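Chain IDs A, B, C and D follow the sequence of writing; residue 1 opens each chain.
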Amino acid sequence: MRSAAGTILIKICEFALTALLVSFFTFIAFSVIPGDPARVMLGTDASEEQVENLRAELGVDRPLSVRYLDWLGGALKGDLGDSLSFRTPVNELIKSRLPVTLGMSLMALIIVLIVAFPMAAVCASRPGSLTDRIVSAFGHVLFAVPAFALSMLLILLFTKAFGIYTAGRYTAPSDDAGKYIASLLLPSVCIALPKIAMTFKFLRASMIEFSASDFARTAKSHGLTDLKILLTHIIPNSAVSSVTVISLVLSDIMGGSLIVEQVFNLPGLGRLLLSAISRRDFPLLSGIVFYLALITVILYFLSDVINAAIDPRIRDGRSL
Amino acid sequence: MRYKGNILEVKGLTLTVSNNGEPGAVILNGLSFAVRTGEIMGLIGNSGSGKTMTALAVSGLLSDFAKIESGQIIFEGEDLTAKTAKERRKLLGEKIGVIFQDPSSALDPLQTVGSNLAEILRVRNLDKEAGRRQVLDMLRIVGFEDPEQIASRYPHRLSGGQRQRVLIAGAALMKPSLLIADEPTSSLDTVTSMSIMQLLHEMCQEMGISILFISHNLNAVRNFCDRVMVMKDGTVIDSDTSWDIMGQPRSAFTADLLAKSRLDPDKLGLTAGKAADDAPCVLSVKDLSAGYSNGALLRKSSRTVIRDITFDIKEGDCLGLIGSSGCGKTTLIKTLLGLIRPSSGSIEKNGRIAAVFQDPATSLNPAHTVRWHLNEALKASGRNAGGDKDSLFIRTLNETGLAEEHLHRFPAQLSGGQRQKVAIAMCLIGEPSAIIADEPFSALDAASQASVIKLLSDINRERKTTMLIVSHNLRVIRAMCSRVIVMNDGVIVESGDTASVLSAPATETTRMLLDARMYGV
Amino acid sequence: MRRRPNPKIYLVTGIILLSVIAVSFIVGLFWTPYGINATDPAAKLTAPSLQHLFGTDNLGRDVFSRCLAASRYTILVSFAGVAFALVLGTAAGLFAGYFGGILDRIIMVLSNSIMCFPGILLALMAVAVFGPSLYNVIWALGLVFAPTYARVYRSGTIELSSRDYILQAKIMKVRPGRIMFIHIFPNLMSQILPAVITGLANMTLSESGMSYLGLGVQPPAASYGKMLADAQSYITAAPWLIIFPTLMLVFYILGLYFISEWVRTTYGGGRA
Amino acid sequence: MNAISKRLLSAVLSSVICLSVFACGKEDGSTDAQGIYGGEAVVGITQEPMVFDPFTVEAAGDKEILFNVYEGLMKFDHEGHLNPCLATDYTISDDATQYTFTLREGVLFHDGSELDAGDVIYSLTRASELNPELSAISSVTDNGDNTVTVTLDAPNSEFLSYFTSAIIPEGSGETIGDTRIGTGPFVFESYEPGIGIVLTRNENYWNPELPYLDKVTFKVCADMDAGLIELNGGSIDIFPYLTADKAAQLDPSQFNIQTLGSNMIQGLFLNNAVAPFDDVRVRQAVNYAINRTDIIDLIMNGQGLELTTAMSPVMGDAYDTALDGTYSQDIDRALELLADAGYADGFDMTITVPSNYLIHVNTAVAIADQLSQVGINVSIEQVDWATWLDRVYTGRDYQSTIIALTSDYAPFDVINRYHSAADNNFINYSNPDVDRLIEQIPLTPGEDERIGMYRELLGYMTEDAASCYIQDPYSMCAVASRLEGYELYPMYVQDMSTVHLVSAD
């Protein structure tokens, strides 16, 4: 049994290490890839002299290693510096984009869960039945259809056929929470669909396994109906066993949201990331990567916490 | 009011199980028996004889693939086969209670004990507060001194015996008229199983619950059951009061089963292995302490499980190690095998030490064939096979009682006993100077148990391979070991000649283990 | 005991689906109805017809011919990438799970770091250092995919490490490398197969996403993922540009998926 | 008034291709003063705005927005005319070293202060320090009678267009990137990174008739596809820089498509310093081997102007129409030239293309297909924009590339990059005659002489086949049919002042 404070301390160390490593990778990457932020900002029309001036103004005439150490020093104090191309503090830039990426991921996760659990429960309650076969076959196909094509078809359907959705009409949550959710709904569905297939497959297998478990048999011997057993025993237990899988799905979802926001033209982290790379905006990219590391570590930490919250065995520090 | 007459009558029950649409295999073949009100009926047989299927058929927990072809199950005068699944489910927990073999996973790990039991009442819409009291009362009846505390615990915090008590409490909560107990003690240690059987006995006496008690160990039910029937191939081949069956078994099969259950050294041809006086020491342990360390990078805490263990084993000796669950037996073995680093003390080994573990389900690697396992053991030993490997493998398999045909099988295609024999064959391939066997028979039925014990005993005698046998079964120890050490709470409390230790126990621990034998476990 | 579809059905379906891809791969090597990269200003974005079975794209190229040719890149990129990821992820996961402790933490921090690191930047870096080759992009993608496999293998290894047969192997003093790869590895097949199939699907799409920064399969060559990415602008005008590559991709992934299901149910944890 | 500039620009008029593909109510863009006031419009942009300081701004995407915020003494209109703006009149000394402007009176900055000579002197001086193009200004003096005289350090008869440089309040130069105070028809309201820019109507604009709209938003879209989706969804009203096939997908009842030659020079640029393109015969062979009409049909749906040499015909008289068709496709000729140069069996070449420009990537695909006919085996290498700038444009480490060159709307700006010593001569072109002409043109006062020199220069370049010039792509813009008065400029400008609603919403 480990104390909570100790666990948190370890997680913080882990995060610090991860962030340090990732920012170091970023530094290495930037020192080998060609490209000059000042030239990218000015384009082909500017003369060498203008580019030199801008380089001096931006401070990118200093060696990258110096700039990296500078950035690292600032990051230690919580200051991620200013973006070269946007000329605004990186922290602010990222904070304005986070609601899109995180909101979309969260909504996608919720969609995955509220669809996959009932689907799996229906199939697992009568494995081999016609319903099971049809739903499972549907799952197989969803598994194989690229999310990419799916997104395009959904956009086509909703904008063209129904006219009820407008890509890119994003509203910040602070402006109107309802519109914020509405603007992220369809992209979230696109991210969620392929993940539903994966989660469903796992949950179904796990529910079938738990249906044959000793405690399910005990519950039967207690006179509980199959439905009751499903609800009170099998679903909670498969939820526990699927936390790991769901956390994997969630990191997939994060990756997916970075792609889907391109297609839907949403101002999220993924687009910021791409523009940081294509403009060779070192402070901005380092900042984004820093946040991604933070999110990843928090994600895994949360999945541990949730696991512990529902599973007393884990609370007692006993591995499964 | 208890039902008068036969509480349960099974008449001509024939049951088949189909597999993937293929025609069903006959599991129960015209089975007929009756349980009288208020009696404990023992049902005995080897694995695969249809005992468990009988329990499932009576309780109505058969899977979709099992089909009752003919016959009747009359409970309290009503034919259960004519009832709908829903009606039958309702009987469960109310009129018929069931407990199963392995209590380790029979309770939902995510719910407290109280919640696990209260569902029986919840599903019948009974008053919450009254229900709570009822649960606590029942927990007290099954022997918990502080029921409130037990009710608030999660199952993983309970020992095996405690869990089985909780399950019995669940089965008995609604005061059913029939309790079906399917090998409720076979995964528990001696002392604990004794107490569980005592508890069942009391429930029968005081609450008037009839019990159908299923076991593979004929000897175990002798003192416990009013009547016993023996099953083989889906039918009852022998049935009488316990004393009669024990005294004069009517069929040769029953007699054989009895002999195997008793581990009668003469009938099985067992002799306790004994080292020559001048034999060299194979394993010498001095002041050994060990435990588990847990914790993070920063703080290390450790828990010492065994302390100051000192003993020697000489070549050809067979040493027994007894003690109830949690006494540190397993930790000691793991330390001896080098899986746990000792915190202090020394272990001197003279030659290779091999091991056989308890659970046949995980003793072999499911991804590989028997031949692979033997080959792996051969490679690990560094032995030169001397030409044809396969003939060596087949010879070794034959020695353990397996045949050439088993060589290319996967573990999933073998029975539990066969798997343990493969594990033993793996040990033999390496020609070890000693084999440590950690309760290698406890998960097997009586017949398999007897054959594995005989095998180990033969190896000990013929190959002069030193043995360290860990068991809670005193019959085994008595039959195989010339010396014994008794552990309790991480230390050796008693050691010496088997006969003298067991006939004149010097400590309470040994006495309790001996008492358990009264019940034949 | 439960009714399970006959594994043979998986095998047969898988083979049928994959044979479509195999045939197009083989035929595409020797013959295509039109030049793979032959542009035709007179036949831009024409709908499927007898002349052009799958229609033509925005440069008047025959989509059927390109579908035949695209299978080779799709197969190359997805298999090579996943194989690289698998080798790396398996090794890392087995080591982390088997040895635990500090090594485990180091590997996990490293794998988390790689997970947070933008794959496209890694590919850009690989190309900058080792030259503009498709293989450099493939291994970079493989590196990005590896942590997923590492995680699956790690948790599986931790679980199996306490099994008696692994203890037995340790007692027999089998070398750790052998325990990991011969004793533990095959038992994790059933866990890793679905992840591999998802990986193959994701890999084909990740590769096409790389074209944003000019990485991956270079034009005029095409993979299915790239064809889809290029078709994005013509979804309303020319849905066939989306439908046929999608179909091919679905055949490919679904075929592999069914084969993996067959392997899993026949050789994996199906028998327990 | 400088006659040459005027003539040049009016010549543009005739050759400017200004057609409305889907004509709506009004025949052309002549802004009638009866337009409806009020309302708002959203313009889609695909580049993140970066720099708002008018003196350091370089990116075309920024300039076209700031056109609405800052104004100079002179201002272009959509026909390419250079008109007085913050000045009401101007005179040029005979030796072309002194330009004198009469300032417009009563012009208010967005902060309410009034424009005076001090602001002009301050702004032009600052511009001459920061913007190399204006560094030729040696002094600016206040003549006291509401006129200002600018003196150049050398005669330059091509300088007038540089007076479009912004005039800002005196002393505000350090902070102008944040305050963004100018005199333009719109006030810079806000900028949110990744989202866009909001402009609002300048109530005190010196031309009381303009602007019409209350609010204009420039909204950032990830790329053209995303922009199209938004356009269809109605969240964008105006979307410039469409490609032809995208434009064809739009519903003509909802959008008007405007097209115009864009003064862009798209070409397959050949590195003259690298084998085999150091051989003029190989360069000519490549020019003969490709079919420009097919490429334009394929890539642009025909919406582009074929080019033979380094200048677009939209430049007017400086361009010599006699050059048209010099390099019409002639496979036999190409093969012959290749054989002469010792490449009878063809050769392998690599085209390095910036991956973010789909049009160039597609052009590369088409060219690769065409060059295979003469045995040239092309492999295409995509690189990202920053890499392209670094390796190809600055580093000149490439064999061939496809790009579209942009320039100011002045012929000299088009050709001065071909001086062998020019730092932006990324194709390593070198011809002493061309160098000489580039040096002489700005010193030559006579307009006819200058035109002759431009034509001579283009002649050399065509003969040298400096590169393989392909097209001047039409710029296309979709405008929602609820709006009118939008005009395409032959340069990077989004003029919102004339845009108005068709009917009150």
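The rule we apply is simple: a contact is a pair of C-beta atoms (placed from the backbone, for glycine too) under 8 Å apart; a residue touches a chain by one contact, two chains touch by 3 or more.
Being a predicted model, the structure only gives us computed values, none of them experimental.
*Asks:* According to the touch definition, list the chains common to the neighbour sets of chain B and chain C.
*Replies:* Joint contacts, listed by label: A.
*Asks:* Centre of all protein Cα atoms: which chain's centre is nearest to it?
*Replies:* Per-chain C-alpha centroids compared to the overall one single out A.
*Asks:* Of the chain pairs A-C and A-B, which one is connected by the greater count of C-beta contacts?
*Replies:* Result of the comparison of A-C and A-B: A-C.
*Asks:* Any idea how many Å lie between the Cα centroids of chain A and chain C?
*Replies:* Their C-alpha centroids are separated by 21 Å.
*Asks:* Approximately how many whole Å separate the CA-defined centres of chain A and chain B?
*Replies:* Their C-alpha centroids are separated by 48 Å.
*Asks:* Please tell me the distance, in whole Å, between the geometric centres of chain B and chain D computed from their C-alpha atoms.
*Replies:* The computed centroid separation for chain B versus chain D comes out at 88 Å.
*Asks:* Between chain A and chain D, what is the gap in Å from one C-alpha centre to the other?
*Replies:* 41
*Asks:* Which residues belonging to chain C are in contact with no fewer than two other chains?
*Replies:* 2-4, 105, 124, 128, 212-213, 232, 236
*Asks:* What are the residue numbers in chain B that touch two or more other chains?
*Replies:* Residues 297 of chain B each touch two or more of the other chains.
*Asks:* Of all the residues in chain A, which ones touch at least 2 other chains?
*Replies:* Each of 33-34, 155, 160, 263, 277-278 in chain A touches at least two other chains.
*Asks:* Quick check of your reading of the touch definition: is the inter-chain graph here a line, ring, star, complete or other?
*Replies:* Looks like something else, not a line, ring, star or complete graph.
*Asks:* Please give all chain pairs that are in touch with each other.
*Replies:* Listed in label order, the chain pairs in contact are A-B, A-C, A-D, B-C, C-D.
*Asks:* Spell out the residues on chain A that touch chain B in their complex, using ranges where they run on.
*Replies:* The contact residues of chain A facing chain B are 1-2, 6-7, 9-10, 213-215, 217-225, 228, 232-233, 236-237, 240, 310-313, 316-318.
*Asks:* Within the complex, which stretch of chain C touches chain B?
*Replies:* 1-4, 6, 102, 105, 163-174, 182-183, 186-187, 189, 269, 271-272
*Asks:* Over in the complex, which chain B residues touch chain C? Could you list them?
*Replies:* Residue positions touching the partner: 17, 19-21, 63-65, 297, 334, 337-339, 353-355, 357-359, 362-368, 376-377, 379-381, 410, 412-413, 423, 426, 430.
*Asks:* Per the contact definition, I'd like the list of chain A residues that touch chain C in the complex.
*Replies:* 14, 17-18, 21-22, 25-26, 28-29, 32-34, 127-128, 133, 140-141, 143-149, 152-153, 155-156, 160, 198, 201, 208, 212, 244, 248, 251, 259, 263, 273-274, 277-278, 285, 289, 292-293, 296-297, 300, 319-320
*Asks:* Can you name the residues of chain D that touch chain A in the complex?
*Replies:* Against chain A, the touching part of chain D is residues 48, 50-51, 56, 58-60, 130-132, 177, 192-195, 219-223, 226-227, 229-230, 232-236, 356, 384-387, 389-391, 393-395, 403, 405-407, 423-424.
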